[in-house]
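See structure below.
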Amino acid sequence: MSRRRTAVYWTGFCVLLGLLIIAPLVLPEFWRRFLTEILIWGLLAMSSDILIGYTGMVSFGHSAFFGLGIYGAAAALLSVAPPSLLLALLFGLVAAAAAAAFVAYFSTRLRDIYFAITTLIFSQIFYVIIFTWTEVTGGENGLTFSRPPLAIPGLFSVRFTPNTLHWFVLGVVVLSYLLLRRITQSPFGMVLQSIRENEARTRAIGYPVERYKMVAVMLSGLFAGLAGVLYALQNQFAAPDFVFFLVSGEVVIFNVIGGIGTLVGPIVGAAFFLLLREGLSRFFTEYYLIPVGAIFVAMVIFMPQGLLGFARRWLNE
Amino acid sequence: MSAVPTPAEALVSVDNIHTYYGKSHILHGVTLHIGAGEVVGLLGRNGVGKSTTLKTIMGLARPSQGEVRLAGRAITGLPAHKLARLGVGYVPEDRRIFRFLTVMENLRTGLDRHGVTSVRKQELLDKVFTYFPVLAERRQQPGGTLSGGEQQMLAIARAMMLEPRIILLDEPTEGLMPRMVSQIGQIIGALHRDGVAILLVEQNVPLTLEASERIYIMEKGLVRHHCTASDINVNDAAIRQYLGV
Amino acid sequence: MAAVLEILSTIPYDQILIQTVNGIVTGMILALVASGLTLIFGIMDVVNFAHGELFMLGAYVGVIVLAATGSFWLALVGATLVVALLGAALQIVTLRPLLGRDPLTTILATFGISLVLQNYALWQFGPVARKIGEPFTGQFTLFYLDYPWYRIVIALLSAAIIGALWLFLKFGTWGIWIRATTQDRVMAQAMGIPVPRVLTGVFAIGAGMAAASGVLFGPLVGVNHVMGVDWVLKAFIVVVVGGMGNLAGSIAAAIFISLLEAYASLWVSPAQAVIVSFVVLILTLLFRPTGLFVPTPK
């Protein structure tokens, strides 16, 4: 990438980062919280972009990874006292990874449409298990738990304030973005994109396409689980609703609206959707999904590259 | 000897069409005309764009430039099903009959149209079964069970069901035994006698020269030579090169 | 020997028989929903996420017509026609523009449509479930229980509708057009078949079938805006297990899965009985991914 474009990109990045850091200091609590939620959903959407945008696999299974991230964190925070941030992260990621491994195994055997439907059904399997296994998961009512302190054992421990939580989430999301960006630009990422472009040819060249796909699913699932852990930290409760496949559908909407294959696009898509929902729900109350759904369909037809799609090449260099 | 019809009086006129396949520029400005009831041959080596020309006329490929007219009316870019209804029949390379439909059902895809009386339908069927008795025998069999030659006959018969003014034939003798090849030649003659125009794309030069009144020869996406079939000088070096002989 | 007899005597035969009948009844309705779905996929290569919502809207239209005319049968016919028209309109507006594109875009588009339709129903009809009255009451005795006639009638009607579909596809001009379009869309066009119209027609037929199932099923459950969601999932499982695009396969799969679930619900709660269908799906994907009832391709 040319010097000038690199400079523009990083300048933009720093400006945006700066704004996001200052935000909690100037925004009222409601909007501060809203912003943190956008970041969390953005991370979830970004994880989904690895599959949809870079590997060309549409997945409706992210609600499972996300939900298991939440429940995993909940399990850690409820079963181990004193509640530990690191354990919550660990449990959440492991739970999401297990689900991802399960899905990954099947993913490689199915193409496109079958994969999409199967991931959807898998999300529902997890949903039903969580919904009905009331003794462990709290069933319909979910679980509530308290927020752990921001701590590194042995070094320091300090309770989260709304602002520090926001910065923590921001830090995690930014690091994830940078990490994922690095990965997508690496040789591994290039192979994924080649799979998206032409799977048969990639296989013919000699790449073990199945293995790459599995790793992509695991990677995607891990970051989705991470988003789940962050969600648990922010909201301090877990419910089966998050595992329901409609959540996956919303994530896919974020991806398409924001622009697949850009990593940042999905975050923008999440912001757009959530803001739209916030705005429209003033007028349409709970029926906001009617205009939002219609806008989504219109975008699929007329603007399939999404809001940031035009910048896709640029963002990937 | 038939004179070249002027664009105004031609049944089908193709003017300077450019067609792409993805990014590949296949046709670089093809121009040709076919008069009503004429049999015109289109020769050339593999890959020069003969099939693409037929597809462009049939509305299966959209030209980026240029015009196609049917009896004076511009048909460029019209979808194939409208062209079939306007009287353009298409018999593609590798036949492409409906393998899981019976012979009769294959014929019905062309026969079941508005404004055709059942009397007329029976007449068409009788005609086709006279031309191709083997199809009458096999009428309830799925198309996929027919031999190559029989499938070719079915493909032509199917197009005839549309009562077309012109049939676009793409390499009808490819892969057929000599006996069948001459049968195809006879069918072309019979269609000609019925007043149907034919644009015949072929690799089989002798058959084409015998069946056609005029010949176009294509090379690299353009028409390079044009003459009547009787006037063609098969010893001319350039012509031999175009034909790959 | 005595031990075996003892075990045999504890099996609740009567309940099993009742569940068998239940399973077949549910299976036939599921088959009706799934066949519309597999028809749409097999012919148009479209995964219709909104199928459950068409089912749900059919039930609601049924409620309205029933309230207006008092006739269940008019409600059935009316719902089928109205939703078929709606389906045609949807296909023309949202799916035709997507014709040349990546098939995944149709999943997204139909998903968006399902959101719109679901919330539209919520908006118009509210969250409280409505009821469609059974067209006739009356039961016959099955063992010591009274089994409603209506359920048997539903199964027969569903079978009749599917049979009519099969006949329609086999004979008749439209049947030939549809089959030709499925096999070779390009040549179908070259033969003068108006392919865009055929595709719209197929979608309308699928939508109509979903609506009919909605009305038929209405009396068995409450009609509300989320009734489509469970059904669409099950229908997708059925379609994958039966072999996508395979009509006979989806019918067999629908009955098979419904029977298993009906038996399972003797021992576990209905919410957990759905796990049966998930297990069947996973096993199918592992061992016979092209479909349980489809002969393995060589």
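We just call them A, B and C in the order they show up, numbering each chain from 1.
The criterion applied here is as follows: contacts are C-beta pairs under 8 Å (C-beta built on N, C-alpha and C of every residue); 3 or more make two chains touch, one makes a residue touch a chain.
Just so we're clear, the structure is a prediction, and the values are computed from it rather than from any experiment.
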Pair of chains whose C-beta contact count is the highest in the structure: A-C
Chain nearest the overall C-alpha centroid of the shown protein atoms: C
Relative to subunit C, chain with the most remote C-alpha centre: B
Distance from subunit C to subunit A - Cα centre to Cα centre, in angstrom: 33
Inter-chain centre distance, subunit A versus subunit B - centres from mean C-alpha coordinates, in Å: 56
Averaged-CA centre spacing for the pair subunit C and subunit B, given as whole angstrom: 45
For the subunit B and subunit C complex, residues of the former touching the latter: 58-60, 79-81, 84-85, 90, 92, 96-101, 105, 108-110, 112-113, 158, 162
Interfacial residue positions of subunit A with respect to subunit C in the complex: 58, 106, 109-110, 112-114, 116-118, 120-121, 124-125, 128-129, 131-132, 245, 249, 252-253, 256, 286-287, 289-290, 292-294, 296-297, 300-301, 304
Partner subunit A, residues of subunit C touching it in the complex: 47, 94, 97-98, 101, 103-105, 107-109, 111-113, 115-116, 118-120, 122-123, 233, 236-237, 240, 244, 269, 271-272, 274-275, 278, 281-282, 285, 289
Of subunit C, residues touching subunit B in the complex: 173, 176-177, 179-180, 183-184, 186-196
